[in-house]
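You will see chain A twice below: alongside chain B first, and alongside chain C after that.
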Partner chain A sequence: MVKLKGLKCRECGRKYPSSPAHICEFCFGPLEVDYDYEALRGVITRASIAAGPPSIWRYKDLLPIEGDVAVGHHVGFTPLIRSQNLAEELGVTELYIKNDSVCHPTWSFKDRVVSVAVTKAKEFGFDTVACASTGNLANSVAAHAAEARLKSYIFIPADLEQGKVLGTLVYHPTLVAVEGTYDEVNRLCSEVSDKYRWAFVNINIRPYYAEGSKTYGYEILEQLGWRAPGHIVVPCAGGSLITKIWKAIRECTALGLLERAATKMHAAQALGCGPIVTMVKNDTDVLTPVRPNTIAKSLAIGNPADGYYAYRSVKDSGGYGEHATDEEIVEGMLLLARAEGIFTETAGGVTVAVTKKLIEAGVIPRDESVVICITGNGLKTPDVLLERLETHVKIRPSLSAFDRALAELKSQSTQ
Partner chain B sequence: MPVLVRIPTPLRAVTKGAGEVQAKGETVALLLDDLERQYPGLRERLVEQSGEVRRFINIYVNEEDIRFLQGNKTALKEGDQVSIVPAIAGG
Partner chain C sequence: MTRVRVRLTFPPERIQEPVIYHLVKDFDIITNIRRADVKADHGWVILELEGKEDNLDRGIAWLKEKGVKVDPVERDVIVP
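For the complex of A and B:
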């Protein structure tokens, strides 16, 4: 089935053949994959999807891959958990957690986009892949490049968390630590990509890469029994994930997989780097870049490329957004862990904190269904919790020492 | 007072393939006018009819986004380097 028509400018509609290009030469708008939806209608059904593998590749007909899948055969199809405890804590009746903190193989939703991007890079014949990253993308590109036996160059801000640095180096890429913010790393990479013929997953491969995020949305819909939830709360960095989940919902509606899509998309960002939420709150489609200052480093993009489209997804769906302070982010991480036994990174703390605020403000009514997007794993960012958590009891290996310690703990908890 | 301007790949069709060009201007706006004189058609790719820089284009003076400076009124002096960079995704 020929499903790919090529690339198309999201702004002026100009069409291009499928190639490693990401912006329109005429208006600089971003290029997007152009599918032949007419050919797909009726071919993609709930049954055809259900017959596919338990990974993102069950949606392969809606992804821009023309040949065989090259890497990441086991990416995706992560749990959608019906929450009891967190729902109770937040005071809502129907809450689900889409848990990509256990996405294979590098524990974040980035494995979805990277397996598509690296497969596409191989289709295009590149021998080197590269990216600019706040950490999760770095881990995933390095891992999938190893699997694909491609060389990789990974550019990160030099102050990244140690867990994310080691979680990249282990796959043996060339890691380039740049003294600057992510936005500065990104600008550098844009110029590097003009000079070297590499597959930069987030630059010249971006139109293909970004489509991988749609699978996060497809899975939510399928795992809910092909029902669109009332609300989805999405952490925003570059703004691509929320845009693509919204696209997934609209595609599934157009293809007849969903009956009615009345989902409100809500943007979650840190107060120290929240330009998209600021657009939503100020009701303006003009993005004002910021200099990030937040513990949520995976969301620390002050000049998000898809900020405008993220804003549009929120507005078009009737959603809203909220900022979370660093303190609220840590509280959000601890709440999710305490209530559900799920350890997420700082970005997940942002999502939980923002969900709490939106519920308390009445933006999310307590009797409507809510999905929260947990996109990364807490073991990558333990640094922020070091000062908050301590060993409860430290004793010699004797029963009497334990008895004394237990008595002391009980007296403390009754005080 | 010439300024070095870095041209991204999608614009090089207009600059006859050049990745770096020299241009003059007291401000970013005047620099864009000079670039248009040298390379007709370049300005409309970068700037909306209203005169604002297009949404998906970032202009940097000495590695600083002009939105953190004075926008297209940002002053330029000899030896400055200007980069025109399309918005890019990531995370």
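For the complex of A and C:
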């Protein structure tokens, strides 16, 4: 089955053969993978998917991979948890948590996009992969490059603390610390990707890389028994994830995998870096870049590549968006941990906080089904909680000391 | 000669100024506009700039001094 037609410009529609390209030569618009949906209709069924492996690769027919899977055989198919406790806390009847904080192998949804990107890079014959990242993406690229036996280059701003990169260095990439402002480092990476014949996963391989995010959406639908939820709340950084979950829903409807879908997509961002939500609230398709100033570092993209398309996904689906303050983000993290035993990073705190706000505002009715997207693990960046958590009891090593402390704790809790 | 593809975002107070004209005239840069959206209160232009590397650097620095945001067409490629 030939399922890939090639690439297509999202702005002017011009078509290109499948290649490591990401920008339309005519209008400089972003390119997107173009599938032959006619060929796929009837071939992909609920049964054919169910017969696949318990990973993102059960949806391989809907991914831009033509050969064998090269890396990340165990990525994805993370738990979709029917929440009782958080649902009660938020006052809704049907709440689900899609938990990519336990995505294999580097504990974030980036493993989905990177395993697709690195597999495609091997298909194209690259021997080097690269990215510019200070967090989850760097972890995942370095790990998958190690598995693929490819060389990897990770670019970071030179002022990034060493502690932040240990989780990347362990996979033995070449780490390039660039001195300069954020804008200068950003521009350099764009120029490097233009000059060197490397697979820069989120630049020249981006059309393929981004398709990996669709699997987050397919899994939600399949794990709900091929039913589309009423609402999905998605944390937004570059804007790609929300765009691709929305695309996954539309694809599954068009292919007959879903009978109907009326899902509203809601964007969640931090107040200190929320240009997409600002577009939604101001009802404008013009994105105004911002300088990030938030503890939600994993969402801190001030000029997101897919901002416009994220805005369109929200508007076309009838959804909305909300900002969360730093205080609300921490409260969201603590609430999810306390209610469900899930320790998410700040991005998850943003999602929980925004979901709470949208429910309280009546944007999400309490009797409709809601999925919240948890995309990363809190154990990578526990420092944001340093000043918020403390040991409850400190005692000498004696039973009587413990008895007294316990009695005191009980009396405090009954007060 | 070096070529770069950039996205310029204009602050409202620069919308009425012939910024791109000065880029051509003062820095000897060839400009080739591919897409744009300019209204009374905002504006962006996606274009290719071609010139000597030094002229491009000086031209881009001048744009930034004027408050024009200069990004690669890919926008933010550093992912946190």
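Operating definition for what follows: the second predicted complex is superposed on the first by the 395 of 415 C-alpha atoms of A that agree within 3 Å, B and C clash if a C-alpha of one lies under 4 Å from a C-alpha of the other, contacts with A are read in each partner's own complex, and residues count from 1 in each chain.
In this text, a contact is a pair of C-beta atoms (placed from the backbone, for glycine too) under 8 Å apart; a residue touches a chain by one contact, two chains touch by 3 or more.
Just so you know, these numbers come straight off a predicted model, no measurement behind them.
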*Once the structures are superposed on A, label A:Pro157 by its partner contacts, choosing first (chain B), second (chain C), both or neither.*
second
*Scan A:Lys297 for contacts with chain B and chain C and give back first, second, both or neither.*
second
*Would you check which partner chain A:Phe26 touches, where first means chain B only, second means chain C only, and both and neither mean what they say?*
both
*First (chain B), second (chain C), both or neither touched by A:Ala132*: both
*Check the residue A:Ala210 against both partner chains and state whether it touches chain B (first), chain C (second), both, or neither.*
first
*Considering only the touch criterion stated at the top, classify A:Tyr308 as touching first (chain B), second (chain C), both, or neither.*
first
_Once chain A of both complexes is superposed, is A:Glu191 in touch with chain B (first), chain C (second), both, or neither?_
both
*For chain A, which residues belong to both interfaces, chain B and chain C?*
11, 22-23, 26-29, 131-134, 136-137, 182-183, 186-187, 189-191, 202-203, 206, 237-238, 286, 288-289, 298, 301, 303, 305
*asked:* Can you tell me which positions in chain A touch chain C when the two form their complex?
replied: 11, 22-23, 26-29, 131-137, 155, 157, 182-183, 185-187, 189-191, 193, 200, 202-203, 206, 237-238, 286, 288-289, 297-305, 307
_Please output the residues of chain C touching chain A within their complex, sorted ascending._
4-5, 9, 34-35, 37, 42, 44, 46, 48, 64, 69-80
*How about chain A: which of its residues touch chain B in the complex?*
11, 21-30, 110, 131-134, 136-137, 182-184, 186-187, 189-191, 194-195, 202-203, 206, 209-210, 237-238, 240, 286-289, 291, 298, 301, 303, 305-306, 308
*Interface residues, chain B side, partner chain A - complex*: 6, 8-11, 13, 19, 45-46, 54-58, 60, 63, 65, 67-68, 83, 85-91
